[in-house]
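Below are two complexes that have chain A in common, paired first with chain B and then with chain C.
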Partner chain A sequence: MSKRLKQNLAAYGMVIPAFLVVMLTVTYPIISAVIQSFQDEKTGAFTLDNYAYFFTEPAQLKNLLFTLFVVFVTVAIAIVVAYLLALYLRFTKSKIAKTIGTLYLVPRFVPAMCAVYAMITIIRDSGLINRIGLLFGMDIKLGMMYHASGIITMNLWFNIPFAAMMITAGLGAIPDSIIEGARDVGAGKFKTFTSMILPLSIKDVIIAATFVFMTNVGSFTTPYLMGGNSPKMLGIALFDQFNKYLAYNRSAALSVIMFLICSVSAGVYIYTNLKEQDWEKQ
Partner chain B sequence: MKMKRFVAALLAGAMMMTGLAGCGSSGSSDNGSAASTSKNKVSLWATGSDNVREVYEALIEDFNKNSEYAGKYEVELNFMLNGTGTQTLTDMLAAASKAGQTDTDYDLVDLGGDDLSKVVSQIGEEAFVKLDDSKIPNAEGIEAESSVAADYVQPYRGTTVVLAYDSEKVANPPKTWDELVDWMKANPGRFAYNTPGTGGAGDSFARTSVYNFMDEEAITSDDAKWEENWDDGFKYLADLHQYMYTSGGSIVYPNKNQGTLDLLNQGEIDMCPNWADMVLSQRAEGTLKDTIKITQLDPALTGSFQSLAIPTFGSNEEGAYAFINYMLSESAQEILVKQMAAIPLIDTSKIDMTGFEDVENLDVSSFRIMSIGDLSTDFNERWDNEIGTLG
Partner chain C sequence: MMSDRKIKLQIKDMTKKYDNGDGVEHINLDVYEGEIVTFLGPSGCGKSTILRTIGGFLDVTSGDITIDGKSIVALPPEKRPTAMVFQSYNLWPHMTIYENLAFGLKLRKVPKKTIDEDIKKMLALVSMSGSEKKYPGQLSGGQQQRIAIARSLLLKPSLLLLDEPFSALDAKIRQQMREELKKIQSDLGITVIFVTHDQEEAMALSHCIVVMNKGKFDQIGTPAEIYDNPQTLHVASFIGEMNFIKQANGTIAVRPEDIVVEKGAGKGDLDATVRTIMLMGHYVSLTVQHGDDVVKCFIDRDISGQLKENDAVSLKIGKHTTFPNT
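After this line comes the complex of A and B, so read on.
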């Protein structure tokens, strides 16, 4: 055996277990789900009905649009707030900034279920805010439970710290010397931001946005506990198809639809990463 | 040196694979060998909410330490929390039976309601041991009988859905369905039932509403022909829709039994259907207001018996019989009442019912038992599409 062959074999030997696990637990189920999504429930013949169902049934179409609405609003607000927070943390050197810098990740350590119930007890129509209002003679009914606004609020709780963490890491990589350099040649604060900080951090912002987008498309706990009956988010619709109606072929089709929605944002993520490599080559 | 590294890599790879293979098969080998090694061990399988797990843990401790069988048999609980999305107990039993497994550790299973009728329709009642009454002396005098596979399963507790209401707000709770509807019309937005498919209370309310329009025999049938007769009932539910709980400007059916119970406790609604045991045990613990009371409608909301059955493919029939007999003993029935406000099946005069007097009024002989098996799937789907989407 040549040295090179031995080395190659050793390398493959190390990769194969991981490769097989991925094939078995990820690739195979995906392929079989895609096949199942094109099969008729009873006959197993080829059909597009499973997909047509989600785009023609009014309730299902509403679910799809509702999910996209909730997700886009979540992404937009989460990213703007997180970016502002990250900028503040990166460029302010005060005690308050330092304290916020250590505390802002705390929501990430609260178990999802506890956080959701905590939020419910605060915002529900008979919750904390309502009770405080009653002390002052006001009957405040937020109406956020079983409503998109409640789900979005909860999503922000989970996603702002996450997005801020990613963006802060990106901003941290911008050397102070660049900013000082810009200042030296006479750039104002706004100019420094638009021509230096923003271009250098936009990649991290986009990546954070794609991650927030993907995790929210399939979210379950929050919409299950805080959402209404109709429209529902796709995670719940999928649960209904799979666990309540036992419609496995339709579940497969809905999974593929959700996968495709996510892959749009995965595409953006990959494109952003590739673009950087081009820039590095020059 | 290089050769050594190569071998090490291969070994590491091989070990990982066997490790994985081990993971894959350990589940099934557990099923087979664990029980046969010690003949006095009885594996009990149950599923449900967390209160079911808690009561079983207390019962098993009592059985293993204090009962007449202490030292002779040792029961071990395998519990699956419902709604966690994993494989259900019914699927596991059906799979084990259809795969022709024998001598598994499915020694004793706890089943009831739809689960029981599902299992029976999938693998037949013959998949369970036909119960020999002489081995369950405590069952003598117990009238409760399962509506499905009566000779093969032994009921041990009853539970029923009732109307829970806040007695501070509702002085005279409705006694009939007509009175309930009148009350809803007079108090719009003060009633809620949970989405069918997310908890038995909502299931019971929606199904009872629909089956009140149908022949009494339909209520225990899983024959698909009855689906044609659902229309009147669904129209009734659609008419009631406008009087339901409102939040955020639209009508809402909360998910899960606890969802409506929370609303009732918070004062956002005044009445909801819920499980008698859930309401009474939470009230006893102090998590529900004392003013929350229960009442039953006529015709009644549905109840059911929870039963124990011995799969033929289990491996400790004698031990399973011993535990069934224990479950009908006075001490076990008292634990069931005290811990989960279950409705006892033995004479209540024999057990201490202090604090649970409400349970005594729920007579098991007037139970309305519903088991529509797989029709429940279609029912929930139709509800989601017709009622859930009304907005």
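After this line comes the complex of A and C, so read on.
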């Protein structure tokens, strides 16, 4: 055997296990789900009804729009807040900034269930805020439970630290000297931001946004514990179809729909990552 | 020196200490309008630190800095009438060369036509014509440095701060750029503060040299004053070639060209023996041994012709400075 062949075999040998795992656990279920989604529940014949159901049934359509609404609001607020936080952490050199810089990731270490329950005890209509209000003679009912605002608030708790982490890494890669150069030729803080910092960090911001988007389209724990009966997040709708109604073909169709929604942002992610800006080409 | 010259920049008892205790202390300096002043000193002596306090990128710990009589220490960099070429030449990587050069002009609302013309002229001046559409990442270090210089010059600042702006250039372009800088400086009548650790560059460029050592000023003077009358051992050793000859009553600092060599012992101030003879072109570099000290002398070729290694010679010490032994 030639040396080259040996090297190739060794290389394949190392890749094959991972390849098989991916094929078995990812590719196979996806293919089978796609096939199932086009099959009639009883006859197994080809049909588009499973898909049509989710776009024509008013309650289902509402779920879809509700999910998109919650996800877009979550992405928008999480990214804006995270960007501001990351800017603060990057450009402030105080003790407070340092402390925040160490602590802002702590929410990520709280198990999701604990965090959601903790939030519920604070915001529910008989929760901490209500009780503090009562001390001052006010009966504050936030009405955030079983409402989009509750889910969004919880999503922000999880996603702001995560997005801030990604954006902070990007901002950290911008050398001070670039900013000093801009200030030196007469750019104020705002101009420096729009001409230097934003273009140099926008890639990380978009990537963070796609991640936040994807993780929230299929979120389950939060809407399960905090969401209302209607409209529902798609994760819960899927759970219902699968576990309550045992409608496996519709479940498959809904899975594919969610997958497609996510793949839009996956597309944005891949495009952003692959696309070399002119100035990055050597 | 004329006494009616206008002071452009004044640094008054300025101290800048970093958190770790490094920095510069009690800096006093007057820079006159239209001068090139050079900060010269070894790496880490605080040259960049002073320049950055003038540019506004470092806050001073105490003291004051004035430009045209007005204190600038409270102003942010963008409000100061200075332009700086940074040691790391920091062009903006996401902008083309044209955009890099135009950025500051656009902020000043210069009409586009003027911007285009100025940029064209300036690129020709730094021999970078035709690079408008390139990105900084596509240029060599020396080319980036020239663009950085062009970017600052375009703004016609009344005080130009240059932090080792020629460090990435090869000897020939360096020489050219020095001459260009001198010409631009006198044409525009701007005041320049120039940082270097290259004493030859300092000599060639400056009206006034500030020799620095460990966060302090050792000596301020014209190139001739610094060269002829170094006031400390550090200045003497840092500028030009210098022999240090230990004597009982002090150390004599004498330049190689200020020693007259004669064949045979006992005819001069010191006796020595020849170690090496090296032909440098129109003159000869001779090293001789005197006690423990090796002394370098520049001599004419007609004298060197009479000498060979291990010959006894006598040295006549001409212009020199004596420093007390430490």
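Observations on the structure shown:
Everything that follows uses one rule, which is that the second predicted complex is superposed on the first by the 278 of 282 C-alpha atoms of A that agree within 3 Å, B and C clash if a C-alpha of one lies under 4 Å from a C-alpha of the other, contacts with A are read in each partner's own complex, and residues count from 1 in each chain.
The rule is simple: a contact is a pair of C-beta atoms (placed from the backbone, for glycine too) under 8 Å apart; a residue touches a chain by one contact, two chains touch by 3 or more.
No experiment lies behind these values; they were computed from the predicted model shown.
With the C-alpha superposition on chain A as described, chain C and chain B fit side by side in the combined arrangement. In the superposition on chain A, A:21 contacts chain B only, with no contact to chain C. In the overlay built on the shared chain, the residue A:195 is in contact with chain C alone; chain B does not reach it.
Of the two partner chains placed by superposition, only chain C is touched by A:183; chain B is not. Of the two partner chains, chain C is the only one that A:175 touches; chain B does not reach it. Number of chain A residues touched is higher for B, counting chain B against chain C. Of the two partner chains, chain B is the only one that A:10 touches; chain C does not reach it. Centres of mass aside, this uses C-alpha centres: at chain A, the angle toward chain B and chain C in the superposed model is 150 degrees, to the nearest 10.
Legend: residue contacts after superposition of the two complexes on their common chain; A:230 is shown touching chain B, with no touch to chain C.
Annotation: superposed on chain A, chain B and chain C show a minimal Cα-Cα gap of 41 Å. Listed in rising order, the residues of chain A touching chain B in the complex are 3, 6-7, 9-10, 13-14, 16-17, 20-21, 57-59, 62, 124-127, 143-147, 149-150, 224-225, 228-230, 239-240, 243-246. Per the touch definition, chain A reaches chain C in the complex via residues 175, 177-178, 180-188, 191, 195-196, 199-200, 277-282.
Every residue of chain C that touches chain A in the complex is listed here, in rising order: 55-57, 76-78, 82-84, 86, 88, 90-96, 103-104, 107-108, 135-138, 151-152, 155.
Only residues 2-3, 5-6, 9-10, 12-13, 16-17, 20, 85, 195, 197, 247-250, 252-255, 266-268, 377, 380-381, 384-385, 388-391 of chain B touch chain A when the two sit together in their complex.
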